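Down below are the structures I want you to see.
Consider the two complexes below, in which chain A is the common component and chain B and chain C are the respective partners.
So, the complex of A and B:
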């Protein structure tokens, strides 16, 4: 059993008794089998000394019990690590950021407090999952649609607080951006509400999340300044229909013009999430025309254009999504085609699926891309298969490397190039190439994503760790960073945001020392270590 | 909520297949009801379910949407009436169920992976117990093991074994994926 840092077995036993008194003995878990449930299934340190292991878990049922847990943790100086559902695989799962921490498992706080389909918001507790919220909306025949991550088994609150993302309209798929009001138990056990929620008797908590004066909501995302116990979520009114359409452009160099047009449409709120791809891209693994093309380094523009012509396919595609009344989605698709035609020679169009919403229950099982319709599912696990380049046995998980780039063709190509270099420098075939297409989880930035395998095998994990670290270093050299990562890489990831001698992190540490003087909440999360643990960094 | 059910219960059935005895009990007085979980995408799992059905064991097919079933039916019914989940599924479904079951502090107690190659040969990989390893040799290396596994429950009423043991070595031992060119099914008990 792991123990909290600097605590004897006897002291920890006494603390556990106090936790039991606070929440009930059935809800304190300290046996090895129980604690093993909180291991990170995708840990890149699985089975190694550095794997982060909890000492125990405690599951409060309400805010008062959370406050009691915080008071006990302060008294014994026990690090605690709150989780909502603990299913953010790739980012640590249910495991804490420091071995010996007590996981505060908020699964029992699972009330859906309100869903309003006239004002279009929900107010939930941390243990509510996307499935729960979806089922509630259906059972109550509410006319709102969720924006969900993939897979959808996590918590809307937890996902938002981890800067999670979705798949529909831009105001909703940035999940923290779509939050509206927080309730927080501070590190000292005080209950705080933000925005209009701070006005006693206010009914506008989810309608007005600024309040007056500075907003502090952002401090509680990807951080360790408090335990969030309620959160409002802005919801999209249920659209009447959905239409998709795919645009293709013939030349490699058409990508920038395509991006500019898509950005116009998206920033004008005429489309939902765009999905970029390259019909000539294919897989970079194993023998393929692209691997041959890259054999002598990054190809020239001339070589790339010749390659596209030889493939006899368009260089790039983007699938656009339209939500709304049928009249407007069809008009917006027509307007999009007109604008592309005026801008790019040789552009082509293919109208896609049209659905009346909501999708009837009987049609849902066969529905592709359920996330586009806010329907939670676990099907993504079927898609996230293997990396054939390293497939000497199936991986047991993956560590996703997300490079945030400017919303430009040059940004995407630069990220793809330096990531390919990182792979090649360490002897791996590159996972990115000149036709790597960006993801658009955030509407105002691109993401170039790579999935690195994790294993139950330490030697293989060592190679993945080295590669991941090299990728982080390489993208920082060209002014790029990542938005979200597992605890194993959080120190390195935030160290790249180092402008003016790490002024940002220093400020965050000052806040930490003031707000959480004992450093009990999630020490080390996203590089923020309390003053008494700063030597843990790295 | 945590129901304890151990490898010992599974062993009983597998080491005594002629008697087909598997005790899945909370203690000597209280028997844990079983909930069978199967995936009709797989022939072995269908056979497993048919055999369990003949014993009157409640069944759920997770072919279409494991997540929807967990959140719409299974979780709430387990809260109302605790049961041990006895499944033969692919690795992916076990992986997801193992994560989901933490909601109820339920965990994997017994696990046998069955790797099926493209010629239909089956390799059984029991986890966590030498005795279980011996027992699984009785499953053979060809199709039909789903029935044998399911039959290992049918005399649960004849034997009562108290088993509160659990092994961390059984938990989370693989990810969701199968080896290249193989189908990875798993027999498991979660309680």
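So, the complex of A and C:
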């Protein structure tokens, strides 16, 4: 069994007894068998000395029990690590950021406190999943639509607090951007509500999230300054219809003009999430058909244009999504086509799906890309599930490398090029290429995504680790970073945000020392270590 | 009485008219837990196997179809060879891309229900 740092077995046993008194003996997990359930299923250090292992887990049922846990942790100087549903796979799962931490498992706090389809918000506890919230909305016939990430068993609150993202309209798919009000147990055990929630008797907590004075909500996302116990979520009114349409452009160098037009449409709130692709290059997750073209290095523009012509396919495509009344979605699609036609020679259009919303229950199982409609599912696990290509040994997990780029063709191509260099430098075939298309999870930035396999085999993970680390270094050399990563890479990822001699991290550390003087909350999360543990940075 | 319990009783009542002696409480409640936690990956396939990312099939069912190639059913609920220790081990340890399930998600009692449901005589 792992022990919390600097604690004897006897002291830890005493602390566990206090935890049991706080939440009930059934909800303190300290046997090896039970603590093993808090391993990160996708750990890139699985079975190695560096794998981060909890010492115990404690599962409170309410806010008062969370406060008691925090008080106990402060008395014994035990690091605690809150999780919501614990399904943050690829970003640490249910495991902490420091070996010996006690996981505070908030899954039992699973109340949906309110869903209002007139003011369009929800108020939830951490243990609520997207499945739960969706089912609640359906059961109560509420006219709102969720924006969801891929796996439906995740927590709306936890996903938002880890800067998770979705698939519909821009104000909603930045999930932390769409939060409205927090309730927090501070590192010293005090209960705080933000925004109008700080006004006793206010009914506007989810309507007015600023309050007066500085907002502190951002301090509780990707951080370790407190334990969030309630969160408001802005919801989209259920649209009447959905329409998609795909735009293709013929030349490699048309990509920038395409991006500019899509950005106009998205920033004017005329479209939902755009999905870029390259008919000649495959998706960000797919195999590249241009391996041969890249054998002699990054191709010239002339070579790329010749390649496109030889393929007899458009160079780029983007699928636009329209949500709203049928009159407006069709009008917006028509306007989009007019604007593209005026801007790019040879542009072509293909109208896609049209649905009246909500989609009838009987049609949902066969519906592709359910996330477009906020219908939770687990179909994204195809990414790692055994398939004919991996039949001899499917991976046990994945470590996703997300490169955030400016919303430009040059940004995407630069990221693709340096990531390809990282792979080639280490002797691997490149996973990116000149036709790598960006994801648009965030409306104002692009993401170039690479999935690396992880294994429950200590002999196999070093290659993925080395690749991941090299990618982080390479993108930083061209001024780019990542938005989210597993604990194994959090120190390295935040170290790239080093402007003015790491002024940002120094400021965060000052906050940490002041807000959490004993350094008990999630030490090391996103590179923020308490003062007595800063030599843990690695 | 929780919604889960009410649903379990309803299910038993519904099923009892057909084959009362064959469905136990554990099996019926196990199906409820199975439907919540397992069906989104291991349910019956809506649109055929191997559709891949963005398609309308289910990853767990698809993966088992690839693995067993027809020697065993791809749908867990059609299997007759599953034994309790195997189900318990996979749920608590995960397998390949399937992650570990904690006791705050699926309690030991609920896991025994899943086992009763998947190992019932068919």
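Rule of thumb we're sticking to: the second predicted complex is superposed on the first by the 521 of 538 C-alpha atoms of A that agree within 3 Å, B and C clash if a C-alpha of one lies under 4 Å from a C-alpha of the other, contacts with A are read in each partner's own complex, and residues count from 1 in each chain.
Just so we're on the same page, a residue touches a chain if its C-beta (ideal position, glycine included) is under 8 Å from a C-beta of that chain, and two chains touch if they have at least 3 such contacts.
Treat the numbers as computed from the prediction; the structure is a model and nothing was measured.
Novice: Should the superposition on chain A be reported as showing a clash between chain B and chain C, or a fit?
Specialist: After superposition on chain A, chain B vs chain C: clash.
Novice: By the touch definition at the top of the document, which applies to A:380: first (chain B), second (chain C), both, or neither?
Specialist: A:380: touches chain C, not chain B.
Novice: Pick one for A:32: touches chain B only (first), chain C only (second), both, or neither.
Specialist: Touch partner of A:32: chain B, not chain C.
Novice: Touching A:355 in the superposition: chain B (first), chain C (second), both, neither?
Specialist: neither
Novice: Just to be sure I read the superposition right, which of the two partners does A:86 touch: chain B = first, chain C = second, or both, or neither?
Specialist: both
Novice: Looking at A:367, would you say it contacts chain B, chain C, both, or neither? Reply first, second, both or neither.
Specialist: In the superposition, A:367 contacts chain C only.
Novice: Could you tell me which stretches of chain A are touched by chain B in one complex and by chain C in the other?
Specialist: Residues 29, 34, 36-39, 41-42, 85-87, 89, 93-94, 107, 131, 152-153, 365, 377-378, 381-382, 385-386, 391, 394-397, which sit in both footprints.
Novice: For chain A, which residues count as touching chain B in their complex?
Specialist: Residue positions touching the partner: 26, 29, 31-34, 36-39, 41-42, 85-87, 89, 93-94, 107, 129, 131-132, 135, 151-153, 365, 376-378, 381-382, 385-386, 391, 393-397, 454, 456.
Novice: Taking the touch rule as given, give the residues of chain A at its contact with chain C in the complex, in rising order.
Specialist: 27, 29, 34, 36-39, 41-42, 57, 59, 85-87, 89, 93-94, 105, 107-108, 127, 131, 152-153, 285, 365-369, 377-388, 391, 394-398
Novice: Using the touch definition up top, name the residues of chain C that touch chain A in the complex.
Specialist: Listed in rising order, the residues of chain C that touch chain A are 36, 40-41, 46-47, 50-60, 62-64, 66-67, 92, 94, 96-105.
Novice: Going by the contact rule set out above, which residues of chain B touch chain A in the complex?
Specialist: Contacts found on chain B: 1-2, 64-68, 70-72, 92, 95-96, 98-100, 102-103, 105, 107, 166-168, 171-180, 184.
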